[in-house]
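To start, the structure itself, in structure tokens.
In order of appearance the chains are A, B, C and D, and numbering begins at 1 in each one.
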């Protein structure tokens, strides 16, 4: 099988048909068009747009980003143009044939539901992802995705608000990720995306302050990949809805690891900053891996991790 | 939402693998890097690029992770494709890694990014005030304005060894003044003192500045007092360089933020809330 | 203050007096003597010996270790010589003047208590650390340190078993680290140590197996430092017993960050493999930092992080 | 708990910062690195060192994190302090990073580590069978035994370009045979076939082997069948190199594990449970 076309790279992510399993992650791909100079967006399976709130939101004061070993920290807060502006100006600017997933975030459940409702049924939006996990928004400190009961209410409310495909993006800052995935499945989510950035702190010993003006931030990039891979595998053991794997992916080999662990698709985040065309390169690389391993459909790799025989 | 700068229609950026042609010492603490970048688009003074070495060395490594923003110092001629020059000061891990790369090795470049400096009126008197790493950001501007405007360049640094590009500025045949904190080159003291002196003449003037936040802030204050327009090119930390990570936010006087990489790096200094700029 | 002696580096870690705040972490420093060729062990505040079980234990099959971005993974399991052998042969071999903390691990609470009892009151042992957090021992998957109720029983049992200083080493694989620290304080622990390695998974796409024979492993090294720093800070907000900060420390600057976040002492783990004398270097560097910042006692830095004024 | 090897009283290891004197191509896929290590202790054949470049380059980086175990190929003379030579094959990130270091740069070295090979009886016939990276681990042994024993060295690799140190072995003036999978140098086939042939003579013989697990396993089987003692030097992954991380465990036939860095790297091949060795 030496011919690219001979590998079927398409996957179905909870009712969202993707031409290949590689999505760009929310908050790392803007509203899509920023990347048009670097790659044909149609090379991606699609992308998840920056998380949207009911009203436009201004972000945190700087510094908002810092570097950590094999990682970056961010405390952007949820700066975004707001759901209506997104639908009016951002969405129409996205080239045809690009699969767009909208991401919703809010500070109260009914507002979450309202954002979902406004995004629901909008042509061009293939599905919704609710971000239950932003590690640096101070909603009383604790995240929606950290409490099973709260998460259940959130998912139920979002489920009522939209008929389309609904993904829930989980927080990694939990004891039992599998339990959180089960809650989402139980409340009718069509899939779960994990992981979001890991809550972290970096300190400047010269100023004796956090390097981020916000204090805490979210850790992302290669450093968190082994943690993400573990959580995706744990979630895959617990639920039958599809999983979108996220965390430190920077190569096709990394993406294949997530499929083997049980993910149906993946999202590339921080790596987009370093190599804006990386999503397309990873999609090509995954097809190449499939060819080399005489695997006709990428979906056949999902969950194929061989566990220690003990 | 934000005042438009610059007349020129800018080229879309590219991501390319550049060949390191040279990476030589520039002064005591800086380097002059020459990069061959096949088909690098045209760029305007004030634009920058994101550079990173790590991910491309033979031993693919992920630390330090992020690329570093660097002004495009100038275009140069090189056999086999367009080439650009970057002048950078070794301040930490990212620039140290860049400094380790040898001719024949490769670095990743994304650019040109950001907007150009605005055009002053032809003939208008222009003062360029730059310090530290900021010196590299204004050379191309000075080269472009030398013929069209009456130009003075004021350069500052802690000490002579920290200066970069002085010979290049001299070769432009423009009015050049230097100040160092320790007086090891030029006048002893702050480059901003030179600015104050230069502004005493009544002529209508436009000031461009790039350098440490303190220095630019001081320039902005002096210009405001003298009622002289001041353009400042900011040097915030960046992760992406093209408007998607929202990491390079600069606080505005009227509230809210501008993105240095997308809306700048050059801004009307009067719009920036300098107190809240990191 | 240019003279080293002018900085008071001593700290009190829950009743364990330390000449300086730098300990070597359990499992990364063997039984101490392995490092004698590389440094005078008295340069350290002390070290925590490899975790001990009632009987000698054989570890996992290889591969037991792997590399990850700015980190390593391990699944050693709790291979150790057993508590009695430790007391009979290992302890006496440790040079005088070296502060030794013994670490206890078991699979049942009463066995934990028995290990603590045997270590209790042994001369040369300055205190105990109970490892409630080994991320790769399959005690039904979930760790003692992941369930507040189980943790409470464990700490209570250990507390009854020893009169000496008792530290509890917490698992990072939890939603609320502060709650776990509070549980330990409530049950009479003299201090908490955090964090242990973070549960993680790495996969080899060529074999489609985990790289570690055990499957899951513990992630350690610089990559986890920002997560550890966050957890130490959160625990410090919640308890008044001293905290021993652990996770990716590889320089004096890193160690100072942990003090600022609220740690009274620190433990250096993985870095001991790369630079066997690093503990001593870090202790010297912390004194130098204090001198440069005109701080006469290192303890004065504890918890001195300045938070964003909002 | 474990049979003692080697007669010599070994020196305690040190951790030192070594100056890279040379780091040149050796064959097509390997490097020969010369390191000046002031006061490096004496070492015995079979001992190794842990090397790492990253943490010491100007841009202190943490990825790749772990040092890599390398046999101490031999001691060499160098101006200003003792020096050692390391021959390494570029297989992945760690060795690629080592390969990037230039003369004048520094690397971290911890050693000498592990135990020496055991001494064969003087006069005893000795066969050394090495392949791939294992070739570097046996040169010093061969050099030491050439005069005291009747020695034959059998080297193998996939192809001629992957071989290292052949000239050095030739210069020892010993019996040397080579096998490559593709026949590009010496006999076509496995080095273990050369071993089988060599063992047909009835002489009492002792075999030393180092190389890929498959190759060593095959050697062990051939020697067991011929009732010839076989010493194998293992090459497990390592984090520390001195017995504290417990990461280098090699499974034993009688159950349990030995630590390759502390109890080896050389073992009686009959003790190793080859099926369970990674």
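Quick note on the criterion: contacts are C-beta pairs under 8 Å (C-beta built on N, C-alpha and C of every residue); 3 or more make two chains touch, one makes a residue touch a chain.
What you see is a predicted model; the values in this text were computed from it and never measured.
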Shared chain contacts [subunit A and subunit D, defined touch]: B, C
Of all other chains, the one whose Cα centre sits farthest from subunit A: D
Whole-Å gap separating subunit A and subunit B, where each centre is the average of the chain's CA atoms: 35
Approximate Å spacing (C-alpha centroids) for the pair subunit B, subunit D: 52
Separation of mean Cα positions, subunit C and subunit A [Å, integer]: 34
Subunit C, residues touching no fewer than two other chains: 69-71, 213, 221-223
Contacts with 2+ other chains: residues of subunit B: 62-64, 93
Chain-level touch network, classified as line, ring, star, complete or other: complete
Partner subunit A, residues of subunit D touching it in the complex: 62-63
Residues of subunit B touching subunit D in the complex: 54, 57-64, 90, 93-94, 96-97, 99-100, 102
Complex contact set, residues of subunit A against subunit C: 68-71, 73, 146, 173-176, 198-203, 205, 207-210, 213-216, 219, 221-227, 229-230, 233, 248, 253, 256-257, 260-261, 289, 304-308
Residue ranges of subunit A in contact with subunit D within the complex: 69-70, 222
Residue ranges of subunit C in contact with subunit D within the complex: 28-30, 34-35, 37-38, 58-59, 61-67, 69-72, 74, 76, 79, 213, 221-223, 250, 270, 272-277
